[in-house]
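First the structure, which I've put down as structure tokens, then a few questions once you've had a look.
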């Protein structure tokens, strides 16, 4: 077993555990902690896949911005930071549905290519060229979406709205 | 000038559409715009007659046997070709003529509409635009678009300008005809795909459908029959009609009876009978049964109605039953008679509904037993109702007579003694019209308000036009018949 | 002088009154100085009369000529069974019988029109009256001149509608509009039968075109030649029997034969002039004329049809006469007598002597018009139709009483008045068939007894109205003689009533009857020994009737039935018209209307109820479906996931299974 | 050069996706819902990066870049989503006084 595989297994285990914990803990602030770990863990996976640009992006956007935003969300809606989430609602049917979905996905596994994968690395400059390049103006699109989302968000939270 | 080179049908569609939009937009001038559009439409119909390539001596090389045939590619897929194909033959020409006449008559009749006039005249024009489109479309998609386009304005006409129970009636009308449309669309699409036609064009379906055998064409025909039949309407899918007529405003009733019912007849001829003539001979017992049922049921129910409009509505069912009968006979005489009768019924029922409308707002009711002797106060209205009734019961020298005579002769030719059923229907038809006339027009004055005036000029002009048409074409039916028989009816049935 | 050049212009005869219709119809109210169009109508019908009589004379001068001018009304092109297409033609056919009818219709029409100028002077709506009367004349002339069954039917219907409006002329009276409705509907029943008959004749006789298809001109009676279709030419006697019966039905409707006779007595609601026209020259004559035309141009009738015609005619003759015996309304008595006399005509057609029926129609037209006009003169001056309020009018209305007397004598069949010749001819014709057809006996006897009844009831009217010293009802207006516009037509008609029966002995006029090939003819009557005996008996019977009438009603007497006599119930039955009218009313108004109401109930509550039930069930279904819309985001997410899983199941398990079952992919 | 088992990566993203579904279906707190959504998004992004790496080596240097490009865009979308989600949280909190989705079952307040 190569070091890469070992690393992958460890990272995968951490991702699953932190993801699950983030949803199961009673304290909302703990959720933020676990989900931050989860994001960092995924960034590490991207590095493992020789996609350092994405890894950095993941660290910046997810582990940084998203986590902070979620934290803000908790802070403005709660009087106390440390408060428990009362409604858990773990009933049979949703859990069963999630399990069935997982089983179906697993059933579909043999349909994909099997075997080993040789990971290639790309020059990040090529990636940025591609983002504006022949595949379409991805970043432009993203910018438009973000702008409209910004306007929508401002509309939603503006003062005096019923 | 050789008008046959002019793409007159697209031009007409364009002017009608522009006229409709302008009418909607023109506020208090809407009625003038609508009138101008109607006049232009009539002129264009005149051009169609002039340029019609089906006339003898003018060899029509256009495929397949249509005059004024234009086709432009519309949607091209690798497996399917949809064209913007329009064309006319004698059958459509006659019904287009009816559309033009009814359009101008309705606009004139409702000249003094005060409730949102721009919207009213726009919807009237839109209905006529849709009908015109149905009559000229030779492509399934185009046909269906226009077919549905007629429903929308009629829905609003009934639902906004209608009587007290208008919402129910409008919804009932819409649901009924829409369900039928869906069945019809499925039938038409199935026709294309089962026959393996290369495009949605009438001509390619027409030639491809010859190859259909077995149960498939029967099912297709019956679904088309149902789809078009609800518009007829056929018993027992007729109950939307009396409700719609009773609640609809007068102009709406005119268009409903005059044009919308004809769409069903036209569609049945164009897309079912001509395309699947051999199938018709397999399923015609069903059609005959339905036609006889409609004839008898319509006539008997008319007899028992107290509401003038409801009575006329049921008599429409009776007349359209005769049309259906004539179509199902699958003979040149029957088809000719059916088209002629559709024209006749369009004019006559429109006249009668206008009369009923004027009657309603002159006397404040449409209840037959509660008003009598109106001939003494409003002789012009009485005369117009009289002309309409007499034409409807098939008086010679009025328009229905040659049509009904030919239809019944064709029935005798096809079904021999079963012709007794429509003949008895004729007696009952005469009975309810004559009885109505005795009760409403004649006798001592009864239930007449003190401020009752005779027909207002605009309404009188609208009705007068139709009455004149009923007389002109009743005395000179060959004007119409020559056009109808110009279309390759015989070629399709030879 | 060659008048046959006029035959091509025969279409002008109906067009002249039609012109009057248009002129009066459009400018009626402005024609005040011309009696609201009355004089225009008189003028144009007079022109039509001149032209019509000239054409008839031309036909007499060139006997046995058939001149057909036809135009295509509309044409349906050929296909399938219509090897030549179908032509619907209109045209004029001038032949002996139409020439005869031209005389009857135009002369009587013109005289009635002239009489109207005086009679209708005080009425409202005169333009309508003259316009409709002109159209009525046009329609009847169209029937007479029609050269094919379609055109015949077209004008036949027009006759019906004109009579509808004229009977309902006083439309403010409920009884008048009711009578008009009745006339239209009852004749409509006959019309529909006629229509079926037309179809059958068309399909039997027109199937002669190439390829066994219909001939293009299948409706024509004759086309380009005088060849007639002999009966049995088609070999399809069942169809022809049905067709003949249908034709009889049509004729019975228009000519008021039993059982379609109920409308005619009620048609008295119209102006008396209209009654005169209907009863003499137009409406009712059309039915008999149809039967005559049928026996000439449509190959005659099969024996079943002939017997049916005899039965209907013979029975109606007697049936109507009995009702005339007791009636107290002067116009109604004459109306019943019309039905009775029409029965004679139909009887003659049934016996195989169609031309004898036509002969009686010819003479009857004049004396019946005369009787009506004279009755109209009475009504005009004393404004009542009740016989028991009249009396003693002979002194004050000398000319009218003479005219009525001539008409009564002609009707009773007293020689040498017109009615004697034709009625005796009818009886003789039937009698000549008794040997071959013993089943005709009862109807012959009925017809013979009717001679007595006829003389009795018409002289009952005459004595009640004219004899005696004074009017029974003193409150009536003073009677006086009518103006010349009314007297002149009566005088002319009286002249015809005297001599019309003798016309046939003039050879050129007689050629109208003898010029029709292929028909048994007994016109003019040949007086062999048997015929003389028959005539003697019938004249004796008529005389006995007159004497009885004099004894009971003459000189101001009024006969009262003895109290408690069983005759009372018979009299009530006759006055109630054998309850036939009540039965019609019951069937029409109660029976049909009940059925219609029941159908309406079915329509509203069963058919439409099913629709509404559908709607309700959909609504309840949607109500139950609505409950899964909790508004909880997680639930919707669960539905989405469940849906995706369902799609997976379909794709991974169901689709491969179906593919394995049905094969293919 | 790094070599890794294909199946393992797929199993990882599937597992993360299942966790996300579980969270979406069971959590009532709006912030937790957002967290679940982010876990699901990350599972998807991981797949994109992974399949970008899967592109065959011999088909040119940039053939796998589309996957990474989409991943970049998706990360941007995720950030947007959180921003809008947060706005909704604030709006909800103001109008309902709670960010429990069970308390807001109608679209209109």
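Going by the order they are written in, the chains are A, B, C and D; count residues from 1 in each one.
Here is the rule we use: a residue touches a chain if its C-beta (ideal position, glycine included) is under 8 Å from a C-beta of that chain, and two chains touch if they have at least 3 such contacts.
Model, not experiment: these values are computed from the prediction.
> On a CA-centroid basis, which chain has its centre farthest from chain B's?
Farthest by centroid: A.
> Measuring from the mean C-alpha position of chain A to the mean C-alpha position of chain D, what distance in angstrom results?
Taking the average C-alpha coordinate of chain A and of chain D, the gap between them is 5 Å.
> Just the number, please: Cα centre separation of chain A and chain C in whole Å.
Measuring from centre to centre gives 98 Å for this pair.
> How big is the gap, in whole Å, between where the Cα atoms of chain A centre and where those of chain B centre?
That pair's centroid distance is 64 Å.
> Go ahead and note the Å separation of the Cα centroids belonging to chain B and chain D.
Whole-Å distance between the two chain centres: 59.
> If a residue has to touch 2 or more other chains to count, which residues of chain B qualify?
Within chain B, no residue touches at least two other chains.
> What are the residue numbers in chain C that touch two or more other chains?
As it turns out, chain C has residues touching two or more other chains at 634, 638, 641.
> Pull out every residue in chain D that's touching 2 or more other chains.
Touching at least two other chains: 21, 25-28, 102.
> If every chain is a node and every touching pair an edge, decide which shape results: line, ring, star, complete or other.
Graph shape here is other: it fits none of the named patterns.
> Going by the contact rule set out above, which residues of chain D touch chain A in the complex?
Answer in residue numbers: 1-12, 14-23, 25-29, 31-32, 34-36, 38-39, 42, 45-46, 49-50, 52-55, 57, 61-62, 64-66, 68-73, 75-91, 93, 95, 99-100, 102, 109.
> Within their complex, state which residues of chain C touch chain D.
Counting only chain C, the residues touching chain D are 630-634, 637-638, 641.
> Which residues of chain A touch chain D in their complex?
It is residues 2, 4-5, 8-9, 12, 15-16, 19-20, 22-23, 28, 31, 35, 38-39, 42, 45-46, 48-51, 53-54, 57-58, 61-62, 65-66, 69-70, 72-74, 76-77, 85, 87-91, 94-95, 97-99, 101-102, 105-106, 109, 112-120, 122-123, 126-127, 130-131, 135, 138-139, 141-142, 145-146, 149-150, 152-154, 156-157, 161-162 of chain A that touch chain D.
> So in the complex, which bits of chain D are touching chain C?
By the definition above, chain D touches chain C via 21, 24-28, 33, 101-102, 104-107.
> What residues on chain C touch chain A, complex-wise?
Residues of chain C touching chain A: 634, 638, 641-642, 644-645, 648, 652.
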